[in-house]
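Here come two complexes built around chain A, the first alongside chain B, the second alongside chain C.
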Partner chain A sequence: MTQTAVTEPTGTPPSAGVKHRGVGDRSLTFDVIAHVLLILWSLLVVLPLLWVFVSSFKTTQEVLGSPLTLPHHLNLNNYATAWNDSGVGPAFINSVIVVGFSLVIVMVLGAMCSYVLARFRFFGNRFIYYLMLAGLTFPVFLAIVPLFSILKNFGLLNTLAGLVVTYVAFALPFTVFFLHAFFKRLPYDVYEAAQVDGAGEWRTFFQVMLPMARPGLASVAIFNFLGLWNQFLLPTVLKPDNSVLTQAMAQFQSQAGYAVDFGALFAAVVITVAPVLVVYIIFQRQLRGSVVAGAVK
Partner chain B sequence: MSSSASTTSTGRPARPAGRGRRKRLTFDRVSFFAVFLGVPLVIFLVFVVSPFVQAIYYSLTDWNGFSATMNFVGAGNFVKLFQDDTFLLSLRNSVILGLVVPFVTIVLALALACVVTIGGSGTGAVRGLRRSSLYRVVSFFPYAVPAVVIGIIWAQIYDPSRGILNAVLTSLGFQRAENYPWLGDSRTAMAATIFVIVWSFVGFYMVLFIAGIRGIDPEIFESARLDGASRVRTAWSLVVPLIRDNVQTAYIYLGIASLDSFVYMAAMNPDGGPQNSTLVMSQDLYITAFTKGQFGYATSMGVMLAVVTLVFAALVFIINGVTGGRDKEGRR
Partner chain C sequence: MATVTYDAASRIYPGSTKPAVDALNLDIEDGEFLVLVGPSGCGKSTSLRMLAGLEDVDRGAILIDGKDVSNLPPKARDIAMVFQNYALYPHMTVFDNMAFALKLRKTPKSEIERRVKEAAALLNLQEYLDRKPKALSGGQRQRVAMGRAIVREPQVFLMDEPLSNLDAKLRVQTRSQIAALQARLGTTTVYVTHDQTEALTMGHRVAVLKDGLLQQVDTPRNMYDKPANVFVAGFIGSPAMNIKTVKLGDNGAVLGGLAVPLTREAVAKAGEGADGKVTVGFRPEDVQLVGEGDGGLSMTVDLVEELGSDAYVYGRADLDGAEEQFVIRTDGRHTPNMGDTVYLKPQSTPHIFNAATGERIDG
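Presenting the complex of A and B:
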């Protein structure tokens, strides 16, 4: 049992009297098994993505030839084809516009609504809150058919504006639910002080309360961004001309069966995935921090 | 302003929650409530609540989505649903997804989370496996990839001739894998699909569970160690009971997501798969509404989907309650 120090890769000072029944030896075996398991899972996650990335530089002949070989040379033709000819480029820009507008609007409206619900007592407060919660749990599919005709009646069907309004509406319950808990925890005396200083409700919110809620806003914004960026069902039904990135991808794939430009399909996948993945790697600490905040809450 | 103020008449007696001092109704306060509560609420009511309510009415009619008239058929649509073999098949497939996907995902995510958190040093405080942050970063990748793109990627991987899966398997000597259509054979289509959905969820829930386990009082682990509990034992008898509320939440979210699964199917098997072996309720609903134009009938499928979802959530709560959930002891 003297080699416990070796079996502790963590390098913690061996505190006396804790070594019971060969824990040290088991620790090493456990660590090895643990790393093997985690490496296997990581490979399972990374290899498919890596394969797509490598294949995106292959010509269609090479893709059809052998899935395992590397591309002969680094050609970027696939990327040009994917961006220009397949509609992925314009769809990418549309997605940025729709998600950008929706995100700003839903964050502002969601913050306002959750602030009022969390900080003011009035008749119907709980009812509105629970109604929002119910909106969070019901399957979107139940709403999809009536939603189609509602947008048609407003003349918003097949418009980007219609998509923005729907995105805002369906992201609102989550935003309110999450921020509600956040605003509730903010101190009351700051609010009182602002009021005493003569700030109205509007100024108190925008200049005092909202800045204090910044960490919570950042977390929710990240979740909302990913949720809206990945949205597929709502645009498929409400904007059927394949103008948003996820739709363009699905459309491209179903076309690829006939046009057989698989190299470009892989390139389109990389175009779709890479920006978000790069941003994730840069901000991964904050993002996982948000998950933690959501879990511990 | 009087018209907009009427939408928030409920907001009038408002006062700060902490101190009960009633304030005068100034323009500032009235406009504040009208905008802050009124605008989000109107959007929410028009685009979220009203479609749900309308859906329940439409499900009782034979509306085709375009005509101005519709006939009230009562429970007729629901009777028809239970005689519709395609729908019953899609119901069965959705229920399979709702049972298998959350279970497999949670077991895997929990196992990986335990390995990360209660691995590491044999003595001293439980501080988790070293050099494990890279695994967490990598496992989280699929969460940043749109579900439809995940479907596309795996459809390429599973492809009989140019997919990498068969290429790897044949080079390892499994000759039967040559040109085997994973998604095109009714024996493997569902399992292959389930694998992809699980693949996309595990990383997120792993991170969620790690957060949950980190929230447990470390002294509990310490005393378990002093009592000579093995790591597997610690994971099963300590960790699982202490984060069961996280597990319950995860189960419900995963259940809702996998009962839907429309996106994955749309990317991997848009037509329901071989012999409809991967057709799910959401797909059947979509086809019925937007291809066949039977809006009334389609919404009754939506109601069924909602009912199945609610039953699922209720079951999760009941099972968690019966097996002794809601035990907050030992949480920090």
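Presenting the complex of A and C:
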């Protein structure tokens, strides 16, 4: 747009030229404003992360004394302290275990459930689907007390397995809701081709339909990972001995009082944030483009 | 290698009372190339999908090689299908697309390799075996879909408008390739199309459907020369046959000022329940342009389509007070001009149909 405004030929009728230039100017202004806002926004997001990362190598004195300089020398003591002394290490491993298992289970169950609801006609299909949607509207804190009792009765209270089960139930409605729409859009011909080729329902699902749903699966997986990784309320109630990362972080911060080891705290924050970035980088390639391209026509 | 039999097979979609395919009776011989043709919504695709096992057979039965398969799932029928939009597996390479069915049948690896390579050679796909479908052109994708069917070495090939997504030139090319391939493999093939040219050029026999009802099954030649009813007469052939319903006299039909003599039997048959009318049809090429005094039907020329060797002349003629459209084929080098008046005379005996039932009357 800016290009056309600049290279406007002089021979065009004045009215058309003015009108065109007006549009060009407006879009130029819009472009500038948009880019300035986007740059500001990016800085707002990136700079604190960068600052935390840089600060995680500093001592507390350095952090407080010269917050904006680079660390005098690169040392990893803060990471060792955070990992070993503040309980972030074991909590990190617990978080990885709980979120990892939950994610795998919720993706498998969610994909199968939404596939069946989206593509098979049977009595009660709509009812089950709406029941799933109802789960989406239900605020989790309303269920905290009954959840506590149920897990206690099953003997799962204060266990990682109990947390995994709860996480799966918590994440399933959105997963089904999202993937339902996704599976509905996949071409039916490819399913029929697999049937004619001799694939049964299970094989068709795992070898044909699931790979086609990859962008959808990746989006939901990222969303679920973020939600579960940052989950605080559920572990606080159902696993009270401070064993997942969010709890460890909260405790680390609150028990220190006025004698905060800021360097170690920042190191702990980096440890917390890093997996999220890693997961996003792994999955974001899958988000781009459609896997269905080339299937039909 | 197998025969296929539709035995009064019907399909009624849920929520509809009218059958999409109504008591279809069809015997397809071993090694035959049968084309199902008809306008959209005539039930041709449904008939094919019933044979594939993708649609239920609500009444009647379908037999492959004498065995009732009406209630078998697609994978138990030993058929291979080429879909209208190819339906390739987008996440698999061309090789894997073709090998998928064989892998499911636990075919030995070396055998899979051999058959896929063979099919790829046959279809000129060797250099694309490692590509994914999205990196192929429409014509290549179409060939992969064919290859996927060929490697199966099935009893019957089913093809659902496989050429409709190709451009005109490629379509003509692929048309002859498929026909040659079928002749070479000798596999019984059922082919669905809405394009009557495809039907006439490819099929050993052609079956015309309309509103779920079979109209006629015959060789392309017979279909063209002896259409069983008015619908087939109008559907087969391009441009379409000139079909007019006119007064029935004692000796034949009266086409404006032109008398078309008919035998006594024909007049009797045409008269049955037809209220003194008869339907007359003649193809554009069966008409001669004659001089003014030679007793032809006078027509005003509206449009001349020049095709090089031939030309189609479109015009209006007065039939019993009503203006009727006609199209005739003439020599491309001697065409009348727009607005001219020309005189038509059918060269051979026209096709005669009962005006009430639309059925053909011979004689």
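Simple rule for what comes next: the second predicted complex is superposed on the first by the 217 of 297 C-alpha atoms of A that agree within 3 Å, B and C clash if a C-alpha of one lies under 4 Å from a C-alpha of the other, contacts with A are read in each partner's own complex, and residues count from 1 in each chain.
As a working rule, contacts are C-beta pairs under 8 Å (C-beta built on N, C-alpha and C of every residue); 3 or more make two chains touch, one makes a residue touch a chain.
Source: prediction; values computed, not measured.
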>> Between chain B and chain C, whom does A:Met212 touch in the aligned arrangement: first, second, both, or neither?
In response: second
>> Quick one: is A:Asp241 in contact with chain B, with chain C, with both, or with neither? Answer first, second, both or neither.
In response: neither
> With both structures placed on chain A, which of the two partners, chain B or chain C, ends up touching more residues of chain A?
Replying inline: B
> Does the superposition put A:Asp85 against chain B (first), chain C (second), both, or neither?
Replying inline: neither
>> Once chain A of both complexes is superposed, is A:Val273 in touch with chain B (first), chain C (second), both, or neither?
In response: first
> So, A:Gln284: does it touch chain B (first), chain C (second), both, or neither?
Replying inline: first
> Looking at the overlay, what does A:Val63 touch: chain B (first), chain C (second), both, or neither?
Replying inline: first
>> Per the contact definition in the header, classify A:Ile144: touching chain B only (first), chain C only (second), both, or neither.
In response: first
> Is A:His35 in contact with chain B, with chain C, with both, or with neither (first, second, both, neither)?
Replying inline: first
> Thinking of the overlay built on chain A, is A:Asn230 touched by chain B (first), by chain C (second), by both, or by neither?
Replying inline: first
>> Identify the residues of chain A that lie in both the chain B contact region and the chain C contact region.
In response: 192, 200, 291-292, 294-296
> Where on chain A does chain B make contact in their complex?
Replying inline: 4, 7-10, 12-15, 18-21, 23-24, 26-27, 30-31, 33-35, 37-39, 41-42, 44-46, 48-49, 51-52, 55, 63-64, 66-68, 109-110, 112-113, 115-117, 119-124, 128, 131-132, 135, 137-150, 165-166, 168-170, 172-173, 176, 188, 191-192, 200-202, 205, 226, 229-230, 232-233, 236-237, 245-246, 249-250, 253-254, 262, 265-266, 269, 272-273, 276-277, 280-281, 284, 287-288, 291-292, 294-296
>> Applying the document's contact rule, which stretches of chain A touch chain C when the two form their complex?
In response: 187, 189-190, 192-200, 203, 208, 211-212, 214, 291-297
> In their complex, what parts of chain C are in touch with chain A?
Replying inline: 52-54, 73-75, 79-81, 83-91, 100-101, 104-105, 132-136, 138, 141, 148, 152, 165
> Which part of chain B faces chain A closely enough to touch in the complex?
Replying inline: 10-19, 26, 28-29, 31-33, 35-37, 39-41, 43-44, 46-52, 54-55, 58, 65, 108, 111-112, 115-116, 119-125, 127, 129-130, 132, 134-149, 152-157, 161-164, 166-168, 171, 199, 202-204, 207-208, 211-212, 214-215, 225-226, 228, 230-231, 246, 256, 259-260, 262-263, 266-267, 270, 281-282, 285-286, 289-290, 295, 298-299, 302-303, 305-306, 309, 313
